[in-house]
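Structures follow.
Each of the two complexes below includes chain A, the first together with chain B, the second together with chain C.
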Partner chain A sequence: MKRFLSRTLPLLMVLIFGVLGAIQYFVPHKVSQVYYRTILTWSIGVSSMAVIMAAISFLRYHYKKIMSSEGDTLYSSIALVAFLAMLGFGAFGTDKGSLFYQFYQNIFVPINSTMFSLLAFYMASASYRAFRAKTFEAALLLTAAIIVILGTTPVGSSIFLDKVTMWIMSIPNLAQKRGILIGVGLGATATSLKIILGIEKNWLGG
Partner chain B sequence: MAKFDISNIDRRWIYITILLGALLPLFVPITFAPKISPEVKAVYDYIDKLPPGSVILLSFDYGPSTLPETEPMAEDIMKHAFINGVRVIGISLTEEGALLALKAYSNVVKEFENYGTIRVNYGYDFVFLGYKSGRQAVILSIGEDIRKTFPTDYQGTNIDDIPMMFNVKNYKDISLVVDISSTNTPNDWITYAYSRYKVPVAVGVTAVLAANYYPFIQTGQIIGLIGGVKGASEYEYLVNQKIQSNWGMKPKRIPAMRNMSALTVAELLIVLFIILGNIGYFSQKGNKRR
Partner chain C sequence: MAISSSIWVWIAAFLTLAVFSFLYKDNIIYKMVEALFVGVSAGYSIVIILKHSFVPNIWKPLFVSHNLLYLIPFLLGLLFFAMLSRKTAYLTHIPFAFLIGSGAGFALPLVFQTNVMAQVKGTMLFAPSHYPSLGAFINALIIFIGVLTVLFYFFFSRGEKTNRGIIVKTGIAFIMIGFGASFGYTVMARLSLLVGRLYFLFGTWLGILH
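Our next item is the complex of A and B:
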């Protein structure tokens, strides 16, 4: 029974819904449309449940970490307190002026922005150290990078580097992106087929 | 005193230089009139040509980490729409985007109040339906019936009680979808909203993501692209010109153009450091040969 619930049933459901999902796309019949709308409603519901599962998983992980006193218990405590506090504030509304909104705008937003803006410093240091024309390919990449960086600035635009940047983005960049996209598309189709047909089972875990 | 080695500058000097370079334009305002790129102009022209009363759907799919790039885009799209009498439905497919959408909207309302020319009314010109999980399913579901996807707005008001939603059922009633994003949500809008329901899609993304969407411009799957601070400053410039020509006043709030100045200095410094690093590398190589 346990094997049926954990392996056979999910595989069966994926097969049935996968095949039906593919068929309904090409069938404009009323039954097909009703099925499609029902599945959409269910998908949104299942996604909402996934958010709840993520929250529970988050709580369990940090609670266990604090209880076992292993590693960064302080950080786990902060994470738990922050999570529960925001959950509590959210219960009283998320409108402008609410505690939830104020905490979000005045604590979360600046923290998040600060973390991201640190990248500028690391990028500058890393590009100084690593971006060196050691080979022909590296020199080519370096030249393209400098042109694109300058081309996106008003200084670069004034010496027509914006046109060269546009050419790089629209021709060589587009060509390689399109190749990658086609590859990803074919790969996704193959993987989806393997999942639907039960050949690929890694997503079941365990 | 230690000898200065151009190939091995202490990273602390690099950090200080970048910090000062990025701060300077924020304190000493230097703004550059941007050259408008065709992909940004395409988005502007499309919205500009929409008849008053049209509805656009604006998806706020960005987080706080990319605010300097994405927030001005969202604000300028809203400003442009409101100036033209185009109504805006706001939604968010990312958890972080919902509260940032409200902030962007209130910034626009405040700015318009300062102009004193037109009044933006919630429920008539703008409605925010909030965040809904299940990205692809949400996009597809709007194509069937927006009421089933979002039965209420973010405040809990029934969607049927919101005047601007009276005649909006699905994408057939929406003239354009604009996705302002710091993630890969534009892929979903293109794949599901454009491909299945043929609703025109415009994209505003961070500079890092912009390169990914050029193939979709050429194929016509998106009508245009606003990429990073550069794209945002171009759009802001166009909207400000419109405000100036319509109402004869020069907007004082120019976040994207101000950010562009800081970015320009920082980028020039990065290029300078790359050049210095290479000079150091080649001089070292020359010394070794000798």
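Our next item is the complex of A and C:
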């Protein structure tokens, strides 16, 4: 019974839902559209319940850390209190003016954008160390980066680098992005087929 | 030109400075703010997901409209909680199978259509007379050569030591230009965030900038 529930039934479900999901795209019938909408709603609902499980895992992880007093007690306590506070405030409303919104706007947003802005310093120092035009390819990377950086500044615009930037972004950059997209598309299609047909079973734990 | 009197602005300013303190070195204030960020962002995500995904897609149809069909996704979702015990953890394969199966099925034709067919169609080269100008034709030709050589590089190059032909070398050149452009763009996006934070500190908080 355990084997049936842990392997046979899941593989059968993947086959059935996978084949039906792929077929419905090619069937322009009301039944097919209803099926698509229903399964999509169910999928969103089921995955949202996985998030509740994630919240429980978060609570358990930090609670264990606080109880074990490994040294991260202070940080885990802060994380846990902030987490519970957000859940509590969220229960009373998420509209503009609510405590939940104020916490988001004045705690989450400033920390988030400041952390990302810190990357500007690290990217600058990393590129100073890494950007050496030792080979032709490295020189291309360096030149493209410098043109795009200068092209998005007023100084760059005054010497027409903004137009060169536009050209780089919309022609060679588009070409390589399309190449990657096609590669990713073929890979994703092959992986989807392998999952549906039960060839790829890593998601079952090997 | 006055310093802000809002408590929220002061909190945001303190948090901004605390994160910037990491530029000097890793310190306890930064770590505390980092833990605060983890808690707030996890709590925020869960509340938003529950409000916008769980309530309209499971709670309301099942417990408000009493549509018993929604008992199926509700029971499937409940199986995730089997993870709480090692003995029953294998039952989580069932809701995962539903999500993976339906996701792979829906994605199969859509991904092929958008990532492969639409991109190939957009890359196709026509006769020069089809384009409004010679420049447009040259650009289309560059895109055509770029896509073809990048794909050639991905599928037919074998390791670092292989002798690289002109096609593979051209593919690498396109990739390098693309990566350089993406890097430059990311640097500028981060810089604009930095300017935004400095503007907040010197403008909204201290009132020096207008």
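In this section, the second predicted complex is superposed on the first by the 203 of 206 C-alpha atoms of A that agree within 3 Å, B and C clash if a C-alpha of one lies under 4 Å from a C-alpha of the other, contacts with A are read in each partner's own complex, and residues count from 1 in each chain.
Please note the rule applied: a residue touches a chain if its C-beta (ideal position, glycine included) is under 8 Å from a C-beta of that chain, and two chains touch if they have at least 3 such contacts.
Computed from a predicted structure; not experimentally measured.
S.K.: Please work out whether A:R37 is in contact with chain B alone, chain C alone, both, or neither, and reply first, second, both or neither.
M.R.: In the superposed model, A:R37 contacts chain B only, not chain C.
S.K.: Looking at A:L9, would you say it contacts chain B, chain C, both, or neither? Reply first, second, both or neither.
M.R.: second
S.K.: Pick one for A:S125: touches chain B only (first), chain C only (second), both, or neither.
M.R.: A:S125 contacts chain B only, not chain C.
S.K.: Just chain B (first), just chain C (second), both, or neither: which does A:L174 touch?
M.R.: Both chain B and chain C are touched by A:L174.
S.K.: Under the stated touch criterion, name the partner, chain B or chain C, that contacts more residues in chain A.
M.R.: The partner that reaches more residues of chain A in the superposed model: C.
S.K.: Pick one for A:L99: touches chain B only (first), chain C only (second), both, or neither.
M.R.: A:L99: touches no partner chain.
S.K.: Between chain B (first) and chain C (second), which, if any, makes contact with A:V164: first, second, both or neither?
M.R.: In the superposition, A:V164 contacts neither chain B nor chain C.
S.K.: So which bits of chain A does chain B touch that chain C touches too?
M.R.: In chain A, residues 36, 40-41, 43-44, 46-48, 50-51, 94, 104-105, 108-110, 112-113, 115-116, 120-121, 123-124, 127, 142, 145-146, 149, 152, 169, 173-174, 177-178, 181 are touched by chain B and also by chain C.
S.K.: In the complex formed with chain A, which residues of chain B make contact?
M.R.: Checking each residue of chain B against chain A gives 9, 11, 14-15, 17-19, 22, 32-35, 37, 63-68, 95, 98-100, 102-103, 106, 132-138, 140-141, 144-145, 148-149, 154-155, 207, 211-212, 214-215, 218, 228, 230, 260, 263-264, 266-271, 273-274, 276-278, 281-282.
S.K.: What does chain A use to touch chain C in their complex?
M.R.: For this pair, the touching residues of chain A are 2, 5-7, 9-11, 13-22, 24-26, 36, 38-56, 58, 74-76, 78-87, 90-91, 94, 100, 102-121, 123-124, 127, 136-138, 140-149, 151-152, 165, 168-169, 171-186, 188-189, 191-193, 195-196, 203-204.
S.K.: For chain C, which residues count as touching chain A in their complex?
M.R.: These residues of chain C touch chain A: 8-9, 11-13, 15-16, 19-20, 22-23, 31-51, 53-54, 57-58, 61, 69-70, 72-74, 76-78, 80-81, 83-84, 90-91, 93-112, 114-116, 119-120, 122-123, 139, 142-147, 149-151, 153-155, 171-188, 190-191, 193-194, 196-197, 200.
S.K.: Residues of chain A touching chain B in their complex?
M.R.: 36-37, 40-41, 43-44, 46-48, 50-51, 94-96, 101, 104-105, 108-110, 112-113, 115-116, 120-121, 123-125, 127-129, 131-134, 142, 145-146, 149-150, 152-155, 157, 162, 166, 169-170, 173-174, 177-178, 181
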